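Notes for the one structure printed next.
To keep things simple, chains are lettered A, B and C as they appear, and every chain counts its residues starting from 1.
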Amino acid sequence: MSLRTSALMGACAVMALATAASAETTITVATVNNGDMIRMQGLTSDFEAKHPDIKVEWVTLEENVLRQRVTTDVATKGGQYDVMTIGTYEVPIWGKQGWLVGLNDLPESYDVDDLLPAIRGGLTVDGTLYAAPFYGESSMVMYRKDLVEAAGLEMPEAPTWDQVREIAAATTDKANEVYGICLRGKAGWGENMAFLTAMSNSFGAKWFDMEWTPQFDSPEWKRTLTFYLDLMENYGPPGASSNGFNENLALFQTGKCAMWIDATVAASFVTNPDESEVADQVGFALAPDNGLGKRGNWLWAWNLGIPAGTEKEEAAKAFVEWATSKEYTELVAEKEGWANVPPGTRTSLYENPAYLEAAPFAQMTLESIEAADPQNPTVDEVPYVGVQFVAIPEFQGLGTAVGQQFSAALAGQVTAEQALANAQTLTEREMKRAGY
Amino acid sequence: MATQHSRAAARTMISPAVILLLGWMLIPLGLTIYFSFLRYNLLMPGANPFVGFENYAYFFTDPAFWPAVINTLLLVGGVLLITIVGGVLLALLLDQPIWGRGIVRILVIAPFFVMPTVSALVWKNMFFHPVNGLFGQLAKGLGFEPFDFLAQAPLASIILIVSWQWLPFATLILLTALQSLDSEQLEAAEMDGAGALSRFRHIALPHLARAITVVILIQTIFLLSVFAEILVTTNGGPGNASTNLTYLIYAQSLLQFDVGLGSAGGVFAILLANIVAFFLMRMIGKNLDL
Amino acid sequence: MARAVTTNRKVVSTVFGWAIAILIFFPILWTILTSFKTEAEAIASPPSFLVFDWTLENYSTVQERSDYFLHFMNSVILSLGSTVLGLLIAIPAAWSMAFVPAKRTKDVLMWMLSTKMLPPVGVLVPIYLIFRDIGLLDTRLGLVIVLTLINLPIIIWMLFTYFREIPGDILEAARMDGASLRDEIIHVLTPMAVPGIASTLLLNVILAWNEAFWTLNLTAANAAPLTAFIASYSSPEGLFYAKLSAASTMAIAPILILGWFSQKQLVRGLTFGAVK
């Protein structure tokens, strides 16, 4: 670079900073079309009132499209977004690559120590916080008290998989379109594989051993998959292989599922009488286990991160701070009620009596989140971090490809054995290609 | 007629189009070929070393490769078959005197105006969904077990959606062609005692050959790269049951962010498109005297 | 007697014609109807056809969530912009291929069509990098260029087939009268080709309006058209059939209405030289 161009660029940078400081800044926020984010979008005016020099533009996309768009953009330094909504999976990988702006300089009033340790730990790389959690979740059992009672059974607070199967069998009434259990079946590393990987932990299975050898040929995985397929074939809804979180939510809200094991954030939707026909009949329990010391629950958070290299870092930080602050929680509580605040990120929320009263699922959510341990997710020791994912860049592709196999098994196109054998082959192939 | 002068002018006038398309083809193609020889993953920035044919080796041995090729051909072939047979029948019907023909034509043409994303979303949720979809409810109303279209017959379901979108196009072109058919010729044949079927086979069908060729050519261009319908409905699954080449390349370059591998797939897809194009062009050459 | 047969035949073909037309149109009709239902009614079993509480609630929910007008304007600008630009490049090219055919004309045309077969996913990353470097990401200009290029082959081919049907003698006569090449194109050729150009324009607007790969991948907040608007509804939370239907109706309505009003024009021209 010649002296003149660098001088020119320096001047431009100074000018850019100067304009950023004086004139109105427009930041582009990319987010996923989940209920809590759409609520945040609706509250933008509060942020703009507090920061009259910043204007917010939204790009709201479906999860898979969003992930593809923001990853392409951050990896090619396209610079189209100033704030990105990203998951717990991306943050450590991107942080390590230097793609995100560190957030260690958030002001005192933000009270970073209030963040739940399990969630915060997943967003920190070498002591630097790379994204702020917007909401956090684990997974748990949501069930219909009326149906379980009518079947003469009782849901324990911490059920085992065998108890879950027993209840599913007793509550299934296909003639009346009530299915004993609804689980994810749609292929995708964040869809069926999130559930199945977390479930496999409680069966003692794992993705890789300490030498990074894939483990789909293990008896533990076989037990996991056959148990899942057996549950779904006998007691699950039709079309399960294309059901993800949203599809199952719709089924549960319309009273078609007796049990649903999924994200804890769903609790506020299924207990909301405006949206759910079964709002007053929902009970909660911890995700099932097999007595091996690990439960089948995951840990996830949607977070706001700032791509390195954005020219609007200050404005973007102001936004991230606003959206993940205690004040934002109070704002939502004031406008929409305490049950609708974004859960799972701050200790103080779970000490707030108003919230605990409004949200019958609060205690179970907190317990589920605390029961997940991303550093030691499995029964045996493993070389990776992540409960329902493996925090390596290859996992997105791998998880989705394996998810396709398991989804095909659920659709009855291949047997469990074939699906596992295919998963093993393709994982070995990809790992070899990646040089592990 | 063509003087020296007008030849030069003609060349000047065609050149913007040629240069632009050449650039549009060569620059991305060049980069794609270049990337296909690199180990280049967006998620792992670094040196991007030259790896020779490694990406190609991985692409061709991918377990999803052959299913994707076969699905691509089935999808193109299936939709062509349905839209052409359906289009001919529908064109014959619409060529008859009908009360309110204008409105009928408007209704038939409508699916062509619908965005692929929208039609896929509507079919997936409001028709195919086994619990809340209309087909599922219909089946239950009649006392049958609802059929799970996207899980049990994913490729056929996608073929149905895509055919619904392209049937109007085929019908319209075939109808225009049919209407240009000399009615005296048909009447003469009728006088000679030719049955309806034989009139269709010996007079209408040969007349439609050109139009059918055009439909095949245009639709093939669009059908080779069907993508939104698959992304929205099945994500290529279950397994690889509805993965076509476009979707496979998408999965490699934008789900795994393996640009090297995706580029190798892109080069193959371009090759395949050119092979298909070559055969199409020969066919067209016979039927369309350009 | 003959008259009775004709009437009978007309009744039969009318019944069949209407039945099939309604069947084909039904998915769209159903979407439009559902957009006026409440979420609970949208999935009610058995489904209600016309007797339900009509509501506009879904439309206001959708509008609250995303700025329909911005996306709509982008769609209009992109589809019209790319069509006009495409016609400006294509008319001269099609003219020269139709009236001054060279030995290679047919090969050139076929080559142009073959560029349309490039699978877009295969070249997304290169294009993304180029757009980033020249600052065209999320700009209307960038998308107009891309949409022009991907539809150019179709435009040229369509125009080429119309121009060929114009008898060369007329042009010859004009030239004899001393018309320049420019006059010849503007005053003689273009008026004769207006129906063809109009239907090319319509078809191209439809294709550009519905293009969902490039428009989704190269835009963020500023240039995103209705295809991006609909992408935020592909799996919303909980019950969403009515909202999805409202968003779908909003996305397809403009082009549906345009198509219906101009369908005679479109149909007349949609031959691609298939009719001699």
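One rule holds in what follows: contacts are C-beta pairs under 8 Å (C-beta built on N, C-alpha and C of every residue); 3 or more make two chains touch, one makes a residue touch a chain.
What you see is a predicted model, and the numbers here were worked out from it, not measured in a lab.
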### Chain pair with more C-beta contacts, A-C versus B-C
B-C
## Note on the structure
Taking each chain's centre as the mean of its CA atoms, the one lying farthest from the centre of chain B is chain A
### Query
What is the distance, in whole Å, between the centres of chain A and chain B, each centre taken as the mean of its C-alpha atoms?
36
### Query
Which whole number of Å gives the spacing of the CA centres of chain B and chain C?
15
### Task
Determine the centre-to-centre distance between chain A and chain C, using the mean Cα coordinates as centres, and give it in whole Å.
38
### Query
In chain B, what residues contact two or more other chains?
42, 132, 254
### Message
Residues touching two or more other chains, restricted to chain A: which are they?
### Response
72, 76, 250, 254
### Task
For chain C, write out the residues touching at least two other chains, lowest number first.
43, 125, 129, 231, 233-234
### Query
What residues on chain B touch chain C, complex-wise?
1-2, 6-7, 9-11, 13-14, 16-18, 20-21, 24-25, 27-29, 31-32, 35, 42, 90, 93-94, 96-101, 103-119, 121-123, 125-127, 132, 134, 137, 140-141, 164, 167-169, 172-173, 175-177, 180, 210-211, 213-215, 217-218, 221, 224-225, 227-228, 232, 245-246, 249-250, 253-254, 259, 262-263, 265-267, 269-270, 273-274, 276-277, 281, 284-285, 288, 290
### Partner chain B, residues of chain A touching it in the complex
64, 68, 71-72, 75-76, 93, 97, 177, 186-188, 237-242, 250-251, 254, 256, 393-394, 396-397, 400-401, 404-405, 407-408, 410-414, 422, 425-426, 429, 433
### Touching residues (chain side chain A, partner chain C) in the complex
28, 30, 33-35, 38, 41-42, 57-63, 65, 69, 72-73, 76-81, 244, 246-247, 249-250, 253-254, 269, 275-277
## Note on the structure
Residue set of chain B touching chain A in the complex reads 41-45, 58, 61, 63, 129-132, 136, 145-146, 148, 150-152, 234-241, 251-252, 254-258
### Touching residues (chain side chain C, partner chain B) in the complex
6, 9-10, 13-14, 16-18, 20-22, 24-25, 27-28, 30-31, 34, 43, 45-47, 89-90, 92-93, 95-97, 99-100, 102, 105-106, 108-110, 112-127, 129-130, 149, 152-154, 156, 168, 172, 181, 206, 209-210, 212-213, 226-227, 230-231, 233-234, 241, 244-245, 248, 251-252, 255-256, 259-260, 263, 267-268, 270-276
